[in-house]
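Common to both upcoming complexes is chain A, partnered first by chain B, then by chain C.
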Partner chain A sequence: MKYLIDALKNPGGYFASTPLSVVCAVFAAMFFVFTVVYSFRHMSGRKGLWRYYIYILATFLATLGILFSANFLLLLVLWGFLGLMLYLLIGFGREEGTPESARKSLAIIGGTDVLLLLGIVLIWSIRYGSTGLPGFLRLPFAGMGIQLDTTGSVIAYLCLASAAFAKAGAMPFHTWLPDTARDAPVPVTAFLPASLDKLLGIYFLARVTLEVFVMTPAMNTVLMALGSVTIMAAVMMALVQHDLKRLLGYHAVSQVGYMVLGIGTGNPVGIAGALFHMFNNTIYKSSLFLAGGEVERRTGTSDLARLGGLVKAMPMVFAAFLIASLSISGVPPFNGFASKWMLYQGVISGGGTLWVVWLVAAMLGSALTLASFMKLVHSVFLGQPSQISREVIESREKTGFFTILPLAVLSLLCIGLGVIAWKIPFADYFRPGVGGELHMPGIWQSGPATLVLLAGLVIGYLIYLSGSIRKARIVAPFIGGETLEKNPDMRVSGVDFYRTIREIGILKVIYRLAEKKLFDLYEVLQKIAAGFGIVFSFMHNGILSRYLLWFVIGLAVLCIVLI
Partner chain B sequence: MTFVYLIVFGFAATAALGLVTSWIDRKVTARVQYRVGPPFLQPFIDIVKLLGKETVIPAGASRGTFLMAPVIGLAGVVAAATLFWVNQFFEGGFMGDWIVAIYLLTVPSLSIILGGFASRNPLASLGASREMKLVMAYELPFILATLVPVIWAGDLSISGIIENQSDGITAGHLSGIIALIVALLCVQAKLALVPFDIPEAETEIVEGPLVEYSGPGLAVFRLMKNMLLFTLPFFLIILFFGGMRLNGINILWTLLEYVGIVALITVIRNTNPRVRIDQAVRFFWGPMTVLATAAVVLALNGI
Partner chain C sequence: MISESIVPLFVAVPLAGAFLTALLKRVRGIPDILGVMSSFSGFVLSVFFLVRMQAERTVLVLNVGNWGGFQEVMGRIVGIQMVVDGFTIFMLLIVNFVAFLVAVYSVSYMTRYTDKWQFHTLFLLMLAGMNGVLVTGDMFNLFVFVEVASIASYALVGFGTGKRELEASFKYAVMGGVASLLILLGIIFLYSATGTLNMGDMKTVLSEWSVQPALIYLVFGLFLAGFGLKAAIVPFHAWLPDAHPSAPAPISAMLSGVLIKALGVYAIARVFITVFGFPRQVSIILLVLAAISMGVGALVALRQWDMKRLLAYSSISQVGYIMLGFGIGTPLGIMGALFHLFNHSMFKSLLFLDSGAVEYATGTRNMKEMGGLARKMPVTSGSTLAGAMSLAGIPPFAGFWSKLVIIVAAVQAHHMKLAAWAVLMSIVTIAYVLKVTRFAFLGELREKFRDIREVPALMRIPLIILALMCIFGGLLLVPQVRDVLLSPAVRVLAENGGM
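Let's look at the complex of A and B:
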């Protein structure tokens, strides 16, 4: 506390502003406003709302503090505070698994906070250990240039990177994210894991990678490999999910992979692409979560099998969801494509000998993303309406203004940032501390390309006008003479669209292992801990004879050793 | 103004050549089946006729999405074709590169899927989901195979790929030939032709995603497919044969290459039964990916 007061009294030594942190702060402020506005309606009727808004405000202020802190210890304190806020905010969820998810996220994020502390201590001892200056409390968060040539420095880097990975949700510290997405209230998910945590995690990773350490090719390869694995594994898991929010949660993981991959390339284009992608991701991901939240509020479920055909009930929400889906899948000319494209440029020129592998993983990842979002679009908004959807459509409730406003702004940003992508001054904003020109081997002129696409739309429209489009007739769908309404079993919910993929060769084995949570660090550690527990409870069963047995064995061992 | 001119040219030329290609395809198919086949103008007449037919919209479907889908697909093909035309006939790169081309070429599939989903018809839902799985399946080998010319050219831009083949086409190397075979089969799936017409499978799910389309909507989808029938072989020619060369004897070569690719596609489609979707996924993620990876490795080693 004293430390924080000192920090506020002498801001010079503790706070500093870079162009990147300013942009991040602007985005954070935007998401803060949207979350509050959206929560008016979505959270109404829950208990303890004043605490909820205080937590949201505290989260926002702590985020600003982290973005502008020039000092490792201040950052560490606020970082830990954010983890706690997330824990408290998840607690507002009403799902069955909420307490468990909150615990899990606190354990993973808190655990990596310890690693962060360890990393900071290591940095201090590497850099200033012999002189004791400038004092551990004032360890600056910039301009270190530590070489990754000793074991200590590598461990320090890995510790800091783990903290960033856990916050952003990259593998192997991702497992709290899908659970949180499923159980936490939607505005919380949209605010923290989908936007602020991404901004902070990737911001921190970029600063650490570029300003604190000097990267080696080996470490870059590690980052790129982690990024590619994150992209592919998370999207494969997302394909087979059957819960709207959990599916989105897996995509929140998958997209981090792109950012880690971009930062791992170590060249200016790749890093600028990664940071651009970070901003784009926060835009479309919050849009997706907010749209999904509205669906959940209206229908009371996020189970994909019980949704469908909701476009008639909420056309605006559908439009926002579709735009965000196309953005996240990287369909030109939306913003997701612009940043992915930049990232690919970075991978091609800075990916090392294995660049083809990273490139193909990233490009295939985006095709799979498209696939899983098409499934969502079908199961939630299009396709044949379920019983619940019919009731919602018949209720004729309008989507509220406070829901539409954030979605509309975010959708416009998705299109706008994509179309003017080539005019954005990347050099100034998305290039923290990296020198050198932004050299792009490829070409993407988003402006002219958008014009061509628009021209295509106009041509299509003209063809329509020349036809009979204006006197369209509405007829029941043709299903070989059957009527859909009389045969509810004929409804295709779309949940199992990709079961075919799951049953193929080696994928079958991997999916089965993943469902046993074998790749979940938290669960595995929990099992190991439980294993210790069994041993201890066997030893300390509270019965005198067993303690006596240990006593005798111990005596025997002592005798043998001493003799 | 040049811009408008370019787009109109891109659209008109692509549409005309696409319709001609479609006629070749239908004629060859007819000859294989001992039929006479349609007259030259038949594909064009088909589309005009469809424009005159009534528009029918399935009850309870999203009218906007249902009618927008074909137009989105058409815009995707127009953009991809313009990208190829411009880079073919003008010096210096313009608009986009290989990555953009790959992404634009998935837009038509995307539009078919969206249209199918918006039809509120279970058959369309099934067909569209198959289309999506097919996209996932062929995308991996397609990316790898089309990467081979990029590696040979050492350049991402379409015009760079064309220029760098002036002293030796990609298909002149072993890796190029392997990649061409893989890419050709991926194109077959991209066009949803037999043996990969699983999404449409007339005999089981009645044209799948297109089941509810009629009149102008179907006309635009037809036109889009016909344009793709030209655009995709054009893309292959750019990647593997150094683009269209319209000087002297090379005109004949270009024509031969183009007709050769189209004839191969037609012959494959006429001599094979339809496979199941899981077989198709296995085929593309298995042998095709292995072949394509081998081609990439060979290309990286200069073979």
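Let's look at the complex of A and C:
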């Protein structure tokens, strides 16, 4: 009680607000409203929805608590609570893999929460070790400037970072995210893994990296390497997916790589870019998930091979999806480009000796993202309609207002934040604890550039209208003598656009290993634990004489040790 | 004076209940009523002593049979003493609270078996034994009560009288018998060395010696092995994974929730910490055994498909956490151990009762055959989730707080590797706990379970109460509550008592 009363009397000790946490809170509130609004339609007709909305509300409140927490223990409790909420929310999914995904998510997130606990205890023992339990309960989450020069402090940092990585979905703790994206209800995916978990993970990583610890170049390199690997590996996995939601899930992982990379650069532009990218990512990623969810709701499937040509059925959704796709791919003038541009500059000036490697990873990752979204947009909205799509088109159902509203706002934000990127007071919001001026070596004037881009588009359209490109030869495809009418689903879908990359030498091996889940930390650890378990289970064979033998050996060893 | 003279009621009431039950077995409903009422009165008595202790803040000592007068003549205490201090009250509260809830649960659950009166008789005998272990201040008396509780529990494990039950009961009886023998041997050696059986006297005698004879170390070994078996510490744990799944669910809950703690953990703490002054070698051995228990229990639990067997292995692992706290030996470590002991009693009894509820409804304990039960059994599924999250140490559930205290204590005492090991095994704990919630309650409901129903109200109420304890158990850390419950118990075991 005293603890509670203390907390209420003296909120300063437990809660504090920084500009960054205010902006994060505004975004969290926005996504909360959108999720609830979107869920009216998407989740209707299910049982026990009151629990669903309570969990959503509890998630939101816990998020606010974390963002404004100035106490490590409070943060830890709410942080762990969010993991449980995610588990319960995934449980509302109705896919075959839902139970396993829920379990995997909580196992990974809960597991790293325990690491977070260890990290916090280590920080306390480094800084306030003599204060006992009351001192631990009051351990402030604030600037401490702990040097990374002892094993204890390095382990503490890695523990805190792994919790942030798992929450945000960065490698090597990412594997729950694509599974969750596939098996959870879409509003849940858009709300937690795509928005709030990203905000929290990166917010926490940024504050821990910049305030609690003093980074060393070596640790920065580790972060940048992890970020680059995340970008590339996840986007390569995304390229070969054939499920809409799972593909988006891998992009949710890939994008985190940019933020980790940016924070790892350790210079103001890179960090500001990373935080800006975090906000941008939540915007376009939830837009993508919500649009994808509408597609799934209408068609009843998220298998890319069974979709196609949906632009006629849902033009508004298509528009939102396209804008978000271009944004995530870093195409100017959308917001994704604005933040990636800052990141590139940060990498060049803060990337250390290996800056070229990080830069190539980031830029190539961006290009591959674009490529994978070409496939996605094509196989969902363009091309010939599939059987299912035709039924949807014929049903002439309008996309509901509650679905359009979030999509429209998010699309406008995608454009708006990209075009007026300069008007945002970066200096105040995106620089937690970073000294020094925000210096941008590159030149990019987003306003004029947008005009130039628009002009380019207009000229391109004029050339198209002038007719010189329309002179294409149209021939009937050869289909081996079959009649097309009898095979309504015989069409070219975009699913296998990039199948060839699986056949390339080394990549072939890597993909095969990835399919065996060899890069999935959760699966690997589970196998190792099971291995030990087999050994120990073998020893428990149920035979009394062996058990008595252990007993006697144990007694003998004890006596020898004692005497 | 009054409070002292009613201390024997902790033993007498359940004992009387047991014999009355056997006498009145033919009267309908009497066994149930006596079972519930006797354990409830034990709980009321514990609360009474808790309040009393708040007012007086002294240790209550009762010379049973008024043998106290001989003290002047003989120069030492003759006869049996009963002692009630903070640690005793803490344990009494837990034991009688869980026993009461289990008795309520058994009223409906045990209708699956015949001869319910035998169950209640044995149950009350076990309770009398446990209460006796807790209140006694005499070494030999401790042994007698350990035997009373143990023998009752051997019979209860085999209560189903099926092939597996009898096998498990036989193994448990043989191993338990060996352990009792070692304990008795240890007591004989101690008596020969010190010339007294009274714990307080023994402590005085032992502390006066400048050099400990080798015999004492042999006694340490015998006690560690003997009480270690009762507490199911690896490598003395082998009876537990067979005994817990075979017993009827309420008895599994009693065994795992309180019996291994009263006969094992409490006895180790009482004998080694208060009587022997916690020698350094013993604390190191406890730390090593705790680390092994945590690891073996958790890793084997991960592989189990029988719900109760999984929980049984989990108990081995969790007792390891408790022992880790005691082994650290600082006041904070002991507080963590006691706090975790409390929480483990709550969530493990709850989970075993839940497994019983699932078995009651579906007739199986194999998690591969379950699935989707959440829709049909909301109370069971909700309370399992609360218990499981407490076991997994997910905040803000109770188990999180006690693990937190233990890990903080380990780091504070510079046992960094043990802290890391505890953290690692917590992750494994989360993995196996989620196996229960995922396979039993999530997913699609099987066709054959289409018509199952939630368990009767008398089984639901204990589940709900225990689930609430799992959710709000963290409040024990709040200073006002801590001063009433935890701190007096810690003060008994740690010299400077506070934090």
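As a working rule, the second predicted complex is superposed on the first by the 493 of 563 C-alpha atoms of A that agree within 3 Å, B and C clash if a C-alpha of one lies under 4 Å from a C-alpha of the other, contacts with A are read in each partner's own complex, and residues count from 1 in each chain.
The definition used in the following text is that a residue touches a chain if its C-beta (ideal position, glycine included) is under 8 Å from a C-beta of that chain, and two chains touch if they have at least 3 such contacts.
All of these numbers come straight from a predicted model, not from anything done at the bench.
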{"item": "Touched partner set for A:121, first chain B, second chain C, both or neither", "value": "second"}
{"item": "First, second, both or neither for A:534, with chain B first and chain C second", "value": "second"}
{"item": "Contacts of A:179 with chain B and chain C, given as first, second, both or neither", "value": "neither"}
{"item": "Partner chain in contact with A:197 - chain B first, chain C second, else both or neither", "value": "neither"}
{"item": "Of chain B and chain C, the chain that contacts the larger number of chain A residues", "value": "B"}
{"item": "Contacts of A:562 with chain B and chain C, given as first, second, both or neither", "value": "second"}
{"item": "Shared chain A surface residues [contacts with chain B and with chain C]", "value": "none"}
{"item": "Residues of chain A defined as touching chain B within the complex", "value": "309, 311-312, 315, 318, 322, 330-332, 337, 341, 344-345, 348, 356, 359-360, 363-364, 367-368, 370-371, 374-375, 377-378, 381-385, 441-445, 448-449, 451-457, 459-461, 463-464, 466-469, 471-480, 484, 490-492, 494, 497-498, 500-501, 503-505"}
{"item": "Partner chain A, residues of chain C touching it in the complex", "value": "170-171, 174-175, 178-179, 182, 214, 217-218, 220-222, 224-225, 228-229, 235-236, 238-239, 241-242, 281-282, 285, 295-296, 299-300, 302-303, 332, 371, 389, 392-396, 400, 403-405, 407-408, 411-412, 416, 419-420, 423, 426-428, 430-431, 434-435, 437-439, 442-443, 478-480, 499"}
{"item": "Residues of chain A that touch chain C when the two form their complex", "value": "1-4, 76-81, 83-84, 91, 98-100, 102-103, 106-107, 110-111, 113-115, 117-118, 121-122, 124-125, 129, 132-134, 136, 152, 526, 529-530, 532-534, 536-537, 540, 542, 544, 546-548, 550-551, 553-555, 558-559, 561-563"}
{"item": "Touch list for chain B against partner chain A, complex", "value": "3-4, 7, 10-11, 50-65, 67, 70-72, 74-79, 82-83, 93-100, 102-104, 106-107, 110, 113-114, 117-123, 125-126, 128-129, 132-133, 135-136, 139-140, 143-144, 147, 155-157, 206, 211-212, 215-216, 219-220, 223, 277-278, 281-282, 285-286, 296, 300"}
